[in-house]
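As structure tokens, here come the structures.
Each of the next two complexes has subunit A plus one other chain: subunit B in the first, subunit C in the second.
Let's turn to the complex of A and B:
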């Protein structure tokens, strides 16, 4: 295949992979829903027009089926209601409407608590949600929690909603408890597979996960979090974990809990570092050494077939993301571990000029392969087995491994990526030429 | 049909001026409609002899979309059509959005058909987009600003001029002039004349302070109705005449706050 002719056709699927400079593009209500909507016997009320809840529901369903297709899938257990603000409420205020919605929720679902998330409309017209919640709580006899966020009106709205929902749960339901030295609390928004992976690691230290706060817990489990031996921040997004740290630090301050938040177990080196940190923290470094060794064996044993299949395969790397959304360490660990040959690296024009140099410097730490800017690229290449790309390429016959924004955790994450690459290589062209590198 | 909006600082006398202009025009057999765009709901009080019994937004709240014109349109002195947009209770909801909805509803119901003059009496300053709707959406094409010679009143007038300037560039709205409503400030008329000149407009009338205006107001009447033969009534009739024949409409050039302060200082110290 003529690389140049392939490359000249390299129109990226911008609609599917768009990353903006803004910190987040979801509103605070979705943050509240992700934080508390997966909890048992909770009702989340969006003080908003009906459409906001509808969009959230659609997002949730898509996310569920996406996960389900990958062998997991956590369904929301809470109930989502909207107070159904309409034009007249934007004029006269929506407090009565919200009160009626809380009464309905309490009567219909008998939840353990109700949490209210405010929309932009509620923020602009200045509805006093907190006052309504206090009055309604007195009336219905169920805790009614609020968050001081208003749709898109806050800075980094999704994270603000997520943090304040967690804050409300901590503030309202948690009290100091005697510590259980075997229980660990995770802080973050992680998949079921990641949860299992971390549980497996913690077993090396005779620890078990008490819960992953704030999402997916019953009220009883939420109340037990102060009894944890310590807490670990996990999940979150590349460079976007501040809200998780704030939650962890709040718990640490209020309930004298220690926090581990140094690294995520993504890739070989970081998984070893993560295990080492836990060993050090528990003052049992020997357990960490054993765990690291066993994980290495586990990985080597599990990857033999894939590595054989991928040995000296030719690839190119195409990058269209800044370092905030691209983790070169993880990618090059996979490349080295699988013994892939990188023929070239192309940085797409979508990477902002000011971020290109930084990105190139970071890549050079891992490889001697030539790096080209898309606009300057003119070389010709022979056949490639597949490309590793951050952006799906349109109209190309080359097989593509889409580099995930958030690489999968742990040894099983690496195994999964190797398996995907191996499958991709063996795929017949008519089956499908791209595979997404997430769990 | 001439479509006019009256703006100005809160409490400066917009409603009194608008109601007297409406009454003076109605005396000349023109068909008039006055629309109050203020949640306080008191623009048409002097024409109706009482507070408007049902506002547009009262009816929107009560009946939703099924509103009849007779529920929101009231008839006052000399059969002047009166409507009040209304709005939420103080401290609740969004009055600006209310104005938008109310004006749309009046338009939908053809409330102002067959009128020679429509007067929109708009709340205080242009505090948000809702209160700019009469300027912005083509409801009014001539804007009159009521102002005294007090600094804050001129400040509000200057801000309103900024709003007009913004929307004038994309539509037909123009500033008809400044209506001086005296507060007995030193060199007030001269100051207002200079201010209007500097913002590229005219002082279309200067209404001297007169106790009869207050007397008429406490009797729930316009001066035109309460004391038709007084000099004050004459001033309002003259103003109405000038508005009717005014063709000197301009795009204003607002001042900076420093320029405004300097002007007020200069005339206040003369």
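Let's turn to the complex of A and C:
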């Protein structure tokens, strides 16, 4: 099959969903919920139509089962209310409504604190949430926190909501504490699996995780964060860690805490680098050397079968994300480690023109494979075992490995990716479909 | 007094999704969401069940600039994409505003006119400020039948019906609809249209030809039934959906009664089929009953929209299981339905989350017929000894591949079979 017919057969030009990553694609309220929700002793109020809270809940339900399928899913469901903004509030304002909602939350749940997230609607109608929160707090006698974000109206709304929720918790509840030299605080929005992986690494240095701030922590644990030996930022992804760094640096400045934020244990090199950084930081480089060696053995032993199965398999890479959301280093490490043959690379039209050159330059650092723009391809292909793609392709018969926005962490993350590729290869041709490269 | 609720106990969505759900059920319809991308994702998540709806739905990708300078540029650009990408003739184009856009007051009808589409273009404000999923569906129905021309009052075709209130987002809708059409066919009735669930724009033009409108899901279709009665003089029938064997017979009998059919031979045939299903179940269950006892639950919770919750609760109580308390959580909060069933404890799913939490926390050893949201609440409360069956969306933990319906005689067998198998599995786990 030549390249063109293969391409058309895949309907690559009909990537299933129409979106580009250059436009705002999230909401600050979700960021607030992810940062401060999942706690039975706090209440999050969306100053919004009720539907916004329903949408958030629905996302949580699917995410609950996703975690459950991976042996996790222990997180509390939390308490999420909405101030139920309706049409009439766009004329008369929704401040009274919000006040009533805070009163209800305080009376019904007696929470340790209440946090308010603003919707785009609240932003447009111009409600003074901060003032309402101050008045309500005086009345109900429970801390009522706010964030200066409004739905999708902010720059990088999810991260803005996440940061300001964390900021509010730090500002309101944390005070200096004597340090506990064995406890480390993680900063990030990470899964339980990643949490376990990092806990395993920290054990090499006789450290344990005190908590992962801010998500899901009880107020007691939040108050203990300043007692940490040091802080490690671990969440986020390439180019999207700024909000976590800001949280870490805020904690560092206020409570004289050291912060490790240079590398992330994503991929082989970075995992080693990450362990090395901890060794250097603790002035115990020999422990880092041992840890790196043990992880290498662990990875080699665990990956033998997968690498054998994947040896010299043919693939193509299809990229529809800018570098902000695509990590070529991680992808090509996997490709090299698994000995895959990359026949071609295609940049989808959804990547903005101004970002294409940058993306192509970054890719060329790792491979000599020909790179095509979606609109002007010309190469010839014979057969592919599977494609590695950022966008799910419409054609079901093509085996697709969906390149994750958040590559899985550490040695187990690499093993998981190799296992998935191996499973994908063995999948019967007629099943096709995609496999998502996350944990 | 304003109600505030912990939404974690509830199942609902935005009217943006409700509107999209109706139009997604019309062949070759295109939906443009004049909204931020976030709202688009969530609508897709709700609407796309069989993986083929995404190509029908476009988004203007609004950002904060658009709320200052208006959405015209974004909308026109998206409408050009629609023209470019939709090579087949579009039958109807729906443009719906999210809540933020509603507030800035763009005249989207005027903007859409500039794009020059030849098909009917329906523009409406939607989003959370306007209402929830079920309300959104009704906004769409209302807008469609007010703005798209129909053939008007036409001569009625004998023994024809429309099925109202169906949605492609309802779990197992296709199998259920197929089964209902089959049952009606046995009695000699022809289904003319199912608005929002597969009927084309052309078919819906002749919606007035049916002798009777049958409301399947009242939370979606009752308003349309009343409108059609008013506009075309078509009477409607709103009965409990045919879950269980007795429920199916009652539903069919109600239709027969409407048409005042003298010839009872056809209905006797139906009754004979019902008896066969009943006897088969009795015989096959006898042996298992000797081993496992009767299907017995102290508490039963059915959580679904009103049109599903009430008849399923009734079938469980009167036909499928022995139980002390049967609760029906009406996710859509339709507490004034005319279809209330005596003996079923009805709970307002939109306004009584505290009670819902209490009931679920006391469900150990019981039966839950609902959705993945309810099940996640049980699991998060560490209650694992509950027999669970998903019957509505969202569904993340049960696979549905067969062509078995939930309604009708076949549906009764399918659900009863599932309940028994899950009950036996639960009993086995209890022993170990």
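By definition in this document, the second predicted complex is superposed on the first by the 402 of 439 C-alpha atoms of A that agree within 3 Å, B and C clash if a C-alpha of one lies under 4 Å from a C-alpha of the other, contacts with A are read in each partner's own complex, and residues count from 1 in each chain.
The rule is short, and it goes like this: a contact is a pair of C-beta atoms (placed from the backbone, for glycine too) under 8 Å apart; a residue touches a chain by one contact, two chains touch by 3 or more.
Fair warning: this is a prediction, and the values are worked out from it, not measured in the lab.
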Contacts of A:79 with subunit B and subunit C, given as first, second, both or neither: second
Which of subunit B and subunit C A:270 touches, first, second, both or neither: neither
Subunit A residues touched by each partner, larger count belonging to subunit B or subunit C: C
Which of subunit B and subunit C A:26 touches, first, second, both or neither: second
Which of subunit B and subunit C A:52 touches, first, second, both or neither: second
First (subunit B), second (subunit C), both or neither touched by A:92: first
Touching partner for A:124 - first (subunit B), second (subunit C), both, neither: both
Contacts of A:68 with subunit B and subunit C, given as first, second, both or neither: second
Subunit B and subunit C footprints on subunit A, overlapping residues: 87, 89-90, 124-125
Touching residues (chain side subunit C, partner subunit A) in the complex: 2-8, 10-16, 36-38, 40-42, 44-46, 51, 54-55, 58-59, 61-64, 67, 81, 99-100, 102-104, 127-130, 132, 354, 372-373, 376-377, 379-380, 394, 396-397
Residues of subunit A touching subunit B in the complex: 87-95, 124-126
Residues of subunit A touching subunit C in the complex: 14, 16-20, 23-27, 48-62, 64-65, 68, 73, 76-87, 89-90, 97, 100-101, 104-105, 108, 119-121, 124-125, 151-154
Touching residues (chain side subunit B, partner subunit A) in the complex: 57, 60-61, 64, 87-89, 91-95, 97-98, 101
